[in-house]
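Each of the next two complexes has subunit A plus one other chain: subunit B in the first, subunit C in the second.
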Partner chain A sequence: MPDTTTPNYHWPPMADRRVIGKSHSRLDGIQKASGAAKYNSDIKPAGMLFGAILTCPHAHARVTSIDTSEAEKIPGVTAVRVIMGPGKEVQWGGAEVASVSATSEEAANDAVKAIKVEYEELPFLVREDDISKAGNRAKAAGEQVTGDPDKAFQEAAYTHEGDYGIPVITHCCLESHGNVVAWEGDKLSLWPSTQNVSGIGGDLGRAINVSAANIHVHQDHIGGGFGSKFPADLWGVEAAELSKQSGGKPVKIFLDRKTELLIAGNRPSAFGHIKVAADKDGKITAWESKTWSTGGLAGGGLSADLFPYVYRKVPNRRINHTAISTNTGSARAWRAPNHEQVSYLTCSAIEDLAAKMKMDPLEVFLKNADLTMREEAYTSQLKKAAELADWKKNWHQRGDSGSGAVKRGLGIGVGTWGGAGHASQCQATIHPDGSVEVELGSQDLGTGTRTIIAMVAAETLGLPVSAINVKIGDSTYPPSGASGGSTTVGGVSSSTRKATVNALDKLFAAVAPSLGTTPDKLEAVDRRIVVKGDTSKSLTWEAACRKLGTNKISESGENNPRTAPREGLNTGGVAGVQIADVSVDTETGLVKMNRLIAVHDCGLIINPKTAESQIFGACIMSVCSALFEERVADQQIGRVLNPDMEFYKLAGIMDIGEIIVHLDISPENDKRGVIGLGEPPAIPGDAAIGNAVANAIGVRVPQLPLTADRVLAALASKGGNA
Partner chain B sequence: MSEIDSKVPNKPPKTKSDFSRRGFLKGVGISGGVLSTGVLETEAEAEPTAKVDGPGAVPITLNINGKMHKLEVEPRVTLCDALRNRLEITAAKRVCDRGTCGACTVIINGKAVYSCTTLAIDAQGKRIETLEGFSTPAHPHALTKAFLDHDAEQCGYCTPGFVVAAKAFLDHNPNPTEADLKTGLGGNLCRCGTYMGIRKAVMQAAKEMKSAKVAKGTAHA
Partner chain C sequence: MTPFEYSSPASLNEALGLLGSSWSDAVVLAGGTDLISLMKDGVFSTKRVVNVKDIKDLGGIHKTGHGLRIGSTVTFDELASSPLVRGEYPSLHEAALGIASPQIRNMGTVGGDLCQRPRCWYYRGGYGLFAMKDGKSLVPNGENKYHAIFGGGPAYFVSASSLGPALVALGATIKLASSSGSRTVEAAKFFVTPSDENGREIDLKPNELVTEILVPSASGVKNATYEIRQREAIDWPLATASVALHMKGSSVAKASIVLGHVAPTPWEASQAAAGLAGKTISEDTASQAAEAAVSGAQPLSQNGYKVQLAKVAVKRALLAAAGKAHTAHHA
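Moving on, here comes the complex of A and B:
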């Protein structure tokens, strides 16, 4: 029996969809590509002052004195604030020590330079790659044992042991972290660069003792976040306080690139010794990992519970992890927290085991798919990726890659992620003139959130996408979750679907009498309200809305993660497989990407165009981290050596090769509802590229990024028989 | 947001990253930042005049998008900062602030230039074009439309720099191969990973710009 008490929120059947599932260009694309889009780092409200922050050059130091008198004398300076007064301990390089505001950016920077600070330097640790040097900064978590690993290793036909490492990398969002803040009476305006429009006001409010209701947050666009832009941060607090001391004038603080790279978040490292064993058929029987990582002063960093990654059901396991506290900026969520690192360590060890067994790693991944939670999904994805890579033709035994200096290789990486929708509320309003708006306190990180919201509303209301006025990016709209963990698309699409279904039901009720029918007999199609099965009876959308007289319809809809699974609009849980195809010049050590093949399952895809872009982008990020990115710290002087974009390297347009995306859009996957796609494709690439290089040159380059010097060192250690 | 460096009185030998960029620029009296669009500055720089500007603010006039702007800036102010902080012309973004990423790209006398490594005072008497000058939401340039069509943008923060660099590139290389394009746009970085779309977008725009030129040429003939 159909439930007649609650409206039918279900996604329309695949075949009936007019908007959802069809590629749509992003709504703000012309604005962005004509330079008209205003980011909060672009705005200049009347009277705006420029803020700047004095940072600490030492990894660990105590402030012994601080003298701001010269800074205060600089013409144009409106306020100087000490953050770390005498006696305060600074725990990492780049940490905020004082802040200033001034009428020009030059004056603000001069003022910062004029502040005199004396420090007593304290012992520090800024590197964690060699755990033997970590001393008491290393904190081991308890050992986790499942089955009988010792016995399993004894009985194994093959055992591989190896060391692997993946360094700290940073988010390097092109729009730096920061904000503009202004007071008006006891109310505050905050123009941040945030992944958390609905929540950041409360976060700032708690820090400066202002009710969130008195903080108005507005953000139209954000220039990248990747997990690093959730909190209000100290620069939010400082901008608010500097503004207050400057009569409430707007104060802009956006971190300079150096500071951004030092303190505005990073991805924890992961180093470790892995031991993995298989029986004579290549079935994995035992796993042992001793890993360590740093996430900054707090240690932390990595969730070792995820070992062995994806291949969770290896029967005998021993897992040890040590967190190392370092005097470096704190880690933040980084597009798929934990997963890239555990994927890299796990898949590298599995391919090395395969090489030892002289087996095709594809066969090993396939043969052991029953050790994953999604045997069928991984089996079909591995096969699909292999087919797209032409694996049979292009794969060869490790190192068996011909006599030329340039060697080609293929490698596999796997991943998994959740991606169910976050809590989200939407208000949908239909006006008597036929105009429609949907309001959500959400944000578009560049993933295309604005566009998918409009598409969902358009689908429900039988209108073109252009008829929907999407209002996001403001804290006066109904609260929507922070955009992290691939939760946004599921959350906002579900709340928008419900709000627009509710609004449409009200419209049906208002117009049914004039069509001589009951509301349940109506549907909205192609800008008309039509009596189902009798197209002769209909009203245009505008005529229907006119019947509202002076009353608009305004209805809400909510996605609640707790009830969402049984409602079926969104869900979580995806698998992914990537195969990298690289060429390595064994004379120069240079790695060249040929192709990265990305096969991902998904749920209902709202906008294939932006979904594909997510995968392209994530794959390119993997090329960056596998080949280029590393935060390099020097233990002699306690400094990060490359807090700039020349030496903190990202891939350019010529570095990425071709990227081949296969998204499994199918009725079966569609039934699962909407699933986020931000993180999953960012996961397997590091492992796939590392494995491809090992396959090409016949030896493992244990640590990412796979720079020329590391490749050459690995070749040399092997004795150069590449 | 500089550091007070009390620790290193005798600085170690300077590495590239240690240079104070503005000090360097002032020292040698040139404007840097010509992009790798294959259009390196070849003509000799005008003889520097003997007059010393600064350190205080000096009045300057900048020709931006065909409009003269009078403003007062200290000689150390970059063109990027003059555009963004003084004139609120913000398509060009400040990202690396040292000539690496291309987000601040503008066109000066027909050539793509990093505005963060160009001093505002040195940009006087030259034709400065920003993205706003050749593309608006009401009249989007072929490149802007192509970026939309191929979803060559995500967060969009690198996008203006790419569009401007691509325009300068296509103005000099109207028939690029994809290999040319990869070199030509090698001076710009994107963190969101939009390169796949950018390649397609620039190739499409190249075609459209060429056929538009041909059409225009015929109309005039």
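Moving on, here comes the complex of A and C:
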């Protein structure tokens, strides 16, 4: 009986799918491309006030006095709040000191400038690239030793030692961090820019002592988050308090670009000395890393226990890591936290070892695949990527790249990630008029979440995607997890599948008698409810729904990460391999991307088009970080010098080159269920591009980004400068 | 932004009457791509902003008996798409095309390019033109990868002008007007290294504005600009070279080589240029000239690479002018 047995939630077999697995353009694509999509930084509720934040120009200082009287006199100013009063210590440049609200943006900015703050400047450290200058700001974690690294290095046929570095970079969300907040009585409306629609209200509520039940969060679109937009943040608190002091009028605070780059999160640096050894056949036998990094004042920054990356089973290892506390804005999760850095340091050292052994690095990565946790996946992906790169034809021994000024090279990077679905609830409603609503307190980070929810519902209900009304981005909908860790697609697809299966079962039960059959004999195909095996007995979707009379069906579905593994709708654990193909002008040191080839396994793919888009975006971020991005700080003055889009450089379309995506879609991977794909493709690119440049010019450029100065310095170091 | 008076005169005389005896009294606005950010960032403020875009006399590109007359409010896009410029002055065409983005090229003007302020991050961060703190320049021990390798100290910024080097190489003159008359300055002398913190990088008085640029005929003058920048997309150059070769048959009679973004002004490599006289342009002679062009460079702690880039830019510009290679402004 359908009411007592567990419904069949399994994904339909690959061959039977009508919607899932076929590319579908994103539902909000036209809206976004035409500018019709409204981001919360675009909205302007009636009577909206403009908030602004006064930030600290010093890296480390104590506030000795603060005078807001002039600011309060400026016409249009409705409230002025001191965040850091006298005696408070400010720990990084850009930190929030005071806030104001006013009837115009200009008045708010003038008011901020009119606040007089006296500081006592305190000693600071804003750079960590030279660990010898870190002094007592450096905190070493304990050494981790596995096996007998000393003996293994002694017995090794080949040992390579090298220094590598990757600087702090920022998220550069196109839409900066911020929100609009308004009060109505004791209730509060929050229009944030968040990766956490269901959770951010509670976070703000805790900070301002308001029940989460009284906070309504709404967000249709977000202009990028990449891991930096989970909490309510101080600008949420300030907007709420300024609004309260201004009679509840909406207050908008979105950070200006400078403040966005200074305090709204960044990816920690990673520097280190790596030693890696192999036997005469190129099998890696020993690993030693001494690394350091900063994630801001708290130090931290890097999970050194991820070394050696992917090649986890190197038998003999010694790992040391030092966290450096700096007076700079705090790190936040950055699309695959830790992984880009450890991938870059690990893959660079392996490539350099291969060059020292005069072996093809592809062979070395392949030969050691048994040291990974997924030997088969890495073996097949390395081979696939090599095939797409035409590796055999295009690869050459390091430096053996012809006589012209422009040298071409190939390089490999690898990655791994989890990506199992987060907790998610979905409410699916079938109305008697045939319309369908699917509600989740989730968010579409630009990844296509809205579209894949509609696709899953359409697949289940036998309807076209356009028949599904997806409602997300509102805290009144059933809770769905924050979008972090590539957990969204697994979570929302599973909860939507379950909710729609449950709703459909209810519809089957309602219409079975009129078709003279039992509910278990029914299926939903092509806008009809059909008796299996007897297409002459069917009802159109609308006719079937009319049988509901005046009662709608509303059923829920839940993805619970604890029980999800045995249900099989989603899972985690992926491998990825990328190969970069670059040309380097050895006279100018300029690196040009030819191709970036990305091979990723990913479980069941709901929408190949948006999955590929995820990989394109991730590869573009890798080109940016490998070639251009770095936060430049001056230790003389404690300032970040490039909190702008002029000298904090991102790739433009001309810089990106061709991106070739291969999704490892196969029955074996499909059986694993849905797996997140946001983070994995962002990981291997830095390493692949760095290795390609080393292969091209015959010498390692140790530190990213691979700018003209660094490339030319590396060339000069080997005496190969043109 | 500090409040200011905005005026938009329709005639040159009216505009000149609105200028003052210091830039804190009045300043000229054309494309606004630099001025507005300086004012918003609080680096610069003034009492009056005089928009000159509506003054018809300041626009247009025309052939004259002696060469080309370029109005100061001609946009980079107009300059780059002018057949008059593209045909005879490829160095100017390339220099204009290399500037920033289509949006900036649609807004920014020739006069603005000459008068814009340096991009030095210390200057833009409020440390003044000489990047001073406690009586000492922050540049030599600071983050100087984008700073000057020639003519540095006490000014270490690089001239931001993209057209300047090409105009200097072509022997252009710049016409300036004030309410008391007009004067003409050679492009090479228009750019100056200020001797004090409050000076300007150009020979322009607060009551003057740039009205037009006169470029002598370049018929028979082979010319090219080669730009090296980190990003292929919108970016400031790391180094550029503009060259003009007055030919006598297949050999050089007189050459001009001007480097950009390596000094507080466009930087003339006169000796290197003189060395080309009587020679034909080949890989060898271009390389020798390039070597000579950077021989006096004095790089700072982080910008030694710019010496190499300047050298490559000279060599490639010479070869491009001679029609031998590298016609693109970017590798």
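Here, the second predicted complex is superposed on the first by the 716 of 722 C-alpha atoms of A that agree within 3 Å, B and C clash if a C-alpha of one lies under 4 Å from a C-alpha of the other, contacts with A are read in each partner's own complex, and residues count from 1 in each chain.
Throughout what follows, contacts are C-beta pairs under 8 Å (C-beta built on N, C-alpha and C of every residue); 3 or more make two chains touch, one makes a residue touch a chain.
Given the structure is predicted, the values throughout are model-derived calculations rather than measurements.
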Contacts of A:Met373 with subunit B and subunit C, given as first, second, both or neither: neither
Comparison of subunit B and subunit C by subunit A residues contacted: B
First, second, both or neither for A:Phe628, with subunit B first and subunit C second: second
Which of subunit B and subunit C A:Lys609 touches, first, second, both or neither: first
Which superposed partner A:Gln636 touches (first subunit B, second subunit C, both, neither): second
Touched partner set for A:Asn109, first subunit B, second subunit C, both or neither: both
Partner chain(s) touched by A:Asp585 [first = subunit B, second = subunit C, both, neither]: second
Contacts of A:Ala708 with subunit B and subunit C, given as first, second, both or neither: second
Which superposed partner A:Ala298 touches (first subunit B, second subunit C, both, neither): neither
Which superposed partner A:Ala213 touches (first subunit B, second subunit C, both, neither): neither
Contact residues of subunit A, present in both the subunit B and the subunit C interface: 106, 109, 113, 637, 642, 646-647, 651-654
Partner subunit A, residues of subunit B touching it in the complex: 1-7, 16-17, 74, 76-77, 81, 84-85, 88, 90-98, 100-101, 103, 130-132, 135-137, 140-141, 143-145, 147-149, 151-160, 163, 181-183, 185-186, 188-199
Of all residues in subunit A, those that touch subunit C in their complex: 106, 109, 113, 406, 585, 587-590, 592, 628, 632-634, 636-637, 639, 641-642, 646-647, 649, 651-655, 707-709, 712-713, 721
Contact set on subunit C toward subunit A in their complex: 1, 42, 119, 121-122, 125, 127, 133, 138, 141-143, 145-146, 228, 230-236, 238, 302-305, 308-309, 312, 331
Touching residues on subunit A, where the partner in the complex is subunit B: 25-26, 28-39, 41-42, 44, 50, 52-58, 104-106, 109, 112-113, 115-119, 121, 172-176, 221-226, 255-259, 445-448, 609-610, 612-613, 616-621, 637, 642, 644-647, 650-654, 656, 659
